[in-house]
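Below: one structure in structure tokens.
For clarity, chains are labelled A, B, C, D and E in written order, and residue numbers in each chain start from 1.
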Amino acid sequence: MHNIAISARDLRKDFNRMPVFSGVSFDLGRGETLAVSGRNGSGKSTLLKIVASLLSPTSGTVSMIADGSPVPGRFMFRHIGMVAPYLQVYEEFTALENLSIIDRIRGGSHTAADYERLLSMVSLGKRKHDHVRTFSSGMKQRLKYALAWMERPALLLLDEPRTNLDAEGIAMMLTLFEDQRREGMVIIATNEQEDVDICASRISLGYDGAAKGGGS
Amino acid sequence: MHNIAISARDLRKDFNRMPVFSGVSFDLGRGETLAVSGRNGSGKSTLLKIVASLLSPTSGTVSMIADGSPVPGRFMFRHIGMVAPYLQVYEEFTALENLSIIDRIRGGSHTAADYERLLSMVSLGKRKHDHVRTFSSGMKQRLKYALAWMERPALLLLDEPRTNLDAEGIAMMLTLFEDQRREGMVIIATNEQEDVDICASRISLGYDGAAKGGGS
Amino acid sequence: MSGRGFIGITAAVFRKDTSSELRTRYALNALFLFTVTTLSIILFSFQSATVPTQVHAGLLWVLIFFAAMSGLSRAFITEEDRGTILLLKLSTISTPVFYGKLLFNVLLLLALTTVLTVLYALVVPGFAVEGLWTLCTALFLGTVGLASASTIIGALIAKANARGTLYPVLSFPIVLPLLLTVIRATTTAMENPSWGAASGEYRVLLSYIVVINAASYLVFDFIWKD
Amino acid sequence: MSGRGFIGITAAVFRKDTSSELRTRYALNALFLFTVTTLSIILFSFQSATVPTQVHAGLLWVLIFFAAMSGLSRAFITEEDRGTILLLKLSTISTPVFYGKLLFNVLLLLALTTVLTVLYALVVPGFAVEGLWTLCTALFLGTVGLASASTIIGALIAKANARGTLYPVLSFPIVLPLLLTVIRATTTAMENPSWGAASGEYRVLLSYIVVINAASYLVFDFIWKD
Amino acid sequence: MKVFQIILGLWLTAVIVCAYVFPIVPEITGWYQYPVIPGLEEKARILFFHVPLAWTSVVGFLVSVFFAVRYLRAKKLDDDIRSSSAAGLGLLFCALTTLTGAIWAKFSWGSFWNWDPRETSIFVLLLIYGAYFALRSSIQEDEKRATLAAVYAIIAGVTMPFLMFVMPRIIESLHPDPIINTKGKVSMNSTMLVVFLSSLAGFTGLFFWIYSLKVRLARLESGRSTEGA
């Protein structure tokens, strides 16, 4: 994993000319974690999407430095793993197929053994040959974790990480979080205090669209 | 609201010959609440779908008694409101339109004022004319509550009721739960202890597919 | 369910689908453009060439069939794909949903057929109609039949997506007898002024409509619950 | 992104779409339905009638166009509707996705064209081909061009509503020049045995393919992000 | 602005007067006379209105494409407003061309429509405009609408040349062989040319005038007016 830092400068996003948030800035380096909090509709997911360059901000910039050299926006995804409710996996394929398909599309080169390991990590080992269509909500969420974790990304974006997970799933999520913070960065968008507490720094959105609090 | 009781007898569900659960029975009457717990993939949602007669059980029966006379299966939906992750609203319509459309399809006869009241209850009042496509995850969840609550159903089925909701949203959910338990019934499928605690009785699924614990 | 309620709910489903299709005030232009487009394809590809009447009848119905195709699948597939079907299942029984969507498909296709035929008659040289009433009857019956078939096939396809069955493939041939009959009726309309001339076809079309709808009514209930 | 990687990723996207299609069979079903039905209509309504070669060429391409319209839109629409497009965006850049899907559409349409033409030649009387190679070249170039245009328009449509009707409306004016040219080439193929006879058309078709793909390459990135 | 309007008004009136008052004669004796153009005769006067209309509708499309590109470059919604306004006007002029053309066609070629290459190309242009607006109307979010419309305009833009290039090779033309054509062979006398060109200029001016009005209106409607033309 590279030594990577990401920084957002004065981000602002409008939808139909209505500002959702503005003036959001933060810097994140290796081993740092950031919690994004705020009420429903305050712009947490929007912010995460912008950081993942799934959305382009109305103004402001997101920049990533890998080993001293800047990463162009369209290639940032290589260092980013994401888990989110609006991120869907392919229901007509099995868990295993989903992993191998996405791996190949990423240009990665993992072995079947790797996939197996990932799936058993999220305790889907027994169900690896079942179609995702037949998965329960929690099982789908686990699969998303496996997909995000596969490339060991430098930056992990978690939107509502506990959704659908049972106690054991949450434990899994927390260990994964710990592993990640050791060598990389994590940004969590959440409604729950527990998530905010485990992060070193926090931003809270909403309240007339301007961001309160600052990056680490 | 009618005086309604629902009872499940020895429910069993197999998916391609693999049992998910079996021997699930419970009786629920006015003012009673039931929590269905269990790990991911233990069959909570499946059970709720069966109770809502969205799925037919492999064996066993769900029966509903309204004012002394049994309700035929295909008409049970009239007394049931449901909120669940896999239940989607119409994204191409506005919040208000969703309410009126579903109301008319239910054969209901609510006024625009009712819709407004419902939406402000879930604090979507300001967004009532926005397309649901543009809603945040929590706002969609709130709209689902408004839809489920509109008919004041005798039985409220909540699958992972806290999903996507912020603190204020959860408070809304809890007051709604209290209102409902006063005159009707609630069944909650959940992964979270808090939800189990607020219910009078509980069933926990999973562990070799047989249901532990019993109905009230 | 009380008769009134039933009608009301069917209408509600119909209204929902309509406004979802006609989301914007321009949507009608889109439909109009659609017919213009499909028609121009014929015009451009045939240039000046003159073709015999029965070919015209055939072409007209190829167009109508295509129109049906591009409309039909969406009715149910979108509900399945987006998981809104559960919302419907929690709100009403199968029958009004089916008839609501059927009504939608029928009216949409009727509108398209009308515009299409009028334009066709206007711009295509050598599309002369002897029996106007024969044509209208044929078009009406044919469209209704086609829409009915399309609706149930659409429902089947929607399910097939979820399970990869062969149902749809099996169900395809059912539109053929309808189309062939209605084409014969249309051809008659272009050659023979008397309305009765195609009475045989009318009867076939009518019985087709009856049969297909009866069958759909039964089949759909199975598709609905599970 | 390294050349090898690029090819590999395009292939991966292509393989994904292919196996997904083989499971759900959505497009295949639609195409099957369409081909069978329309061909039977043509066959039926042409019975004895003798039509000029040009009409045959036109008709063949009308069918191919309609088939493309009912089969190729799916590539991007499903990704959008099911929210899997985000997964793709998090996994790679726009170009290989576009070319993966383009490849899928091209091959799908090529297969369809082949089947359609062979069947057409077999069942429709009076469809005699003089220059087989001219025909093959025309069909190939025409199909590739049509698929290219359909793909980029499909990507557009995926973001819009009222897709069913909008797709042909947007596509037709774009592909018209292609259609007219390829129809001419096909007509030539039916009348003139020499391969060179349609060289002018080949050149037009080729440049069309180049232009449309270059344009797609440039604009797809904008459809992709946002 | 006011001045421009007045000048434009006078200009167009002058054009109309010249177009209709000047006689068409076998051989020219005065500066105010038009020569007979074989195949057109009296109908030659159509030139002064019909061709400029057609020309403007094409201009509208080009302007629209230009701003489409600019929008994708800078993502400024104002460019989208310009692009769509230009397209809207283009559509109007396009319809007018077809109308005037069709009417004239009835008299000189016997039928309203005969798939003459130019008729065809203008008709396809109509279809493109129609498709463009159908697409716009099916999207609610501003940014998305702007982007997709721009993309479509560009795709259509790159295929237009093919039409102009393909049509004539495929369909034989009823149109009088180009009066103003690449070979610089001009079958009009200077007077005619002057009037024709001034009419062309006049209509172009008219286009840009209405265009600027439309743009300002659209800006107001979109609840935000930026400075600039």
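Just so we're on the same page, a residue touches a chain if its C-beta (ideal position, glycine included) is under 8 Å from a C-beta of that chain, and two chains touch if they have at least 3 such contacts.
The structure displayed is predicted, hence computed values, not measured ones.
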| item | value |
| --- | --- |
| From subunit C, the most remote chain by mean C-alpha position | A |
| Most distant chain from subunit B, judged by the mean position of its C-alpha atoms | E |
| Cα-centroid distance, subunit B relative to subunit C, in whole angstrom | 37 |
| Approximate Å spacing (C-alpha centroids) for the pair subunit C, subunit D | 25 |
| Mean-CA-position distance for subunit C and subunit A (Å) | 46 |
| Subunit B and subunit E, separation of their C-alpha mean positions in angstrom | 61 |
| Of all residues in subunit E, the ones touching two or more other chains | 127, 130-131, 134, 138, 141, 170 |
| Touching two or more other chains - residue numbers and ranges from subunit C | 23-24, 27, 30, 33, 37, 40, 44, 47, 82 |
| Touching two or more other chains - residues of subunit A | 15, 56, 86 |
| Subunit C-facing residues of subunit B, complex | 52-56, 74-75, 77, 80-82, 84, 86-93, 97, 101-102, 104-107, 147 |
| Sites on subunit A touched by subunit B in the complex | 15, 38-41, 45, 85-86, 127, 134-139, 141-142, 160, 163-169, 191 |
| Subunit D - residues contacting subunit E, complex | 152-153, 156, 159-162, 166, 169-170, 172-174, 176-178, 180-181, 184, 200, 204, 208, 211-212, 214-216, 218-219, 222-223, 226 |
| Parts of subunit D lying in touch with subunit C, wherever the complex brings them together | 23-26, 29-30, 32-34, 36-38, 40-42, 44-47, 49, 51-52, 54-55, 57-59, 61-63, 65-66, 69-70, 78, 81-82, 161-169, 172-173, 176, 179-180, 183 |
| Contacting residues of subunit C [partner subunit E, same complex] | 23-27, 29-30, 33, 36-37, 40, 43-44, 47-48, 123 |
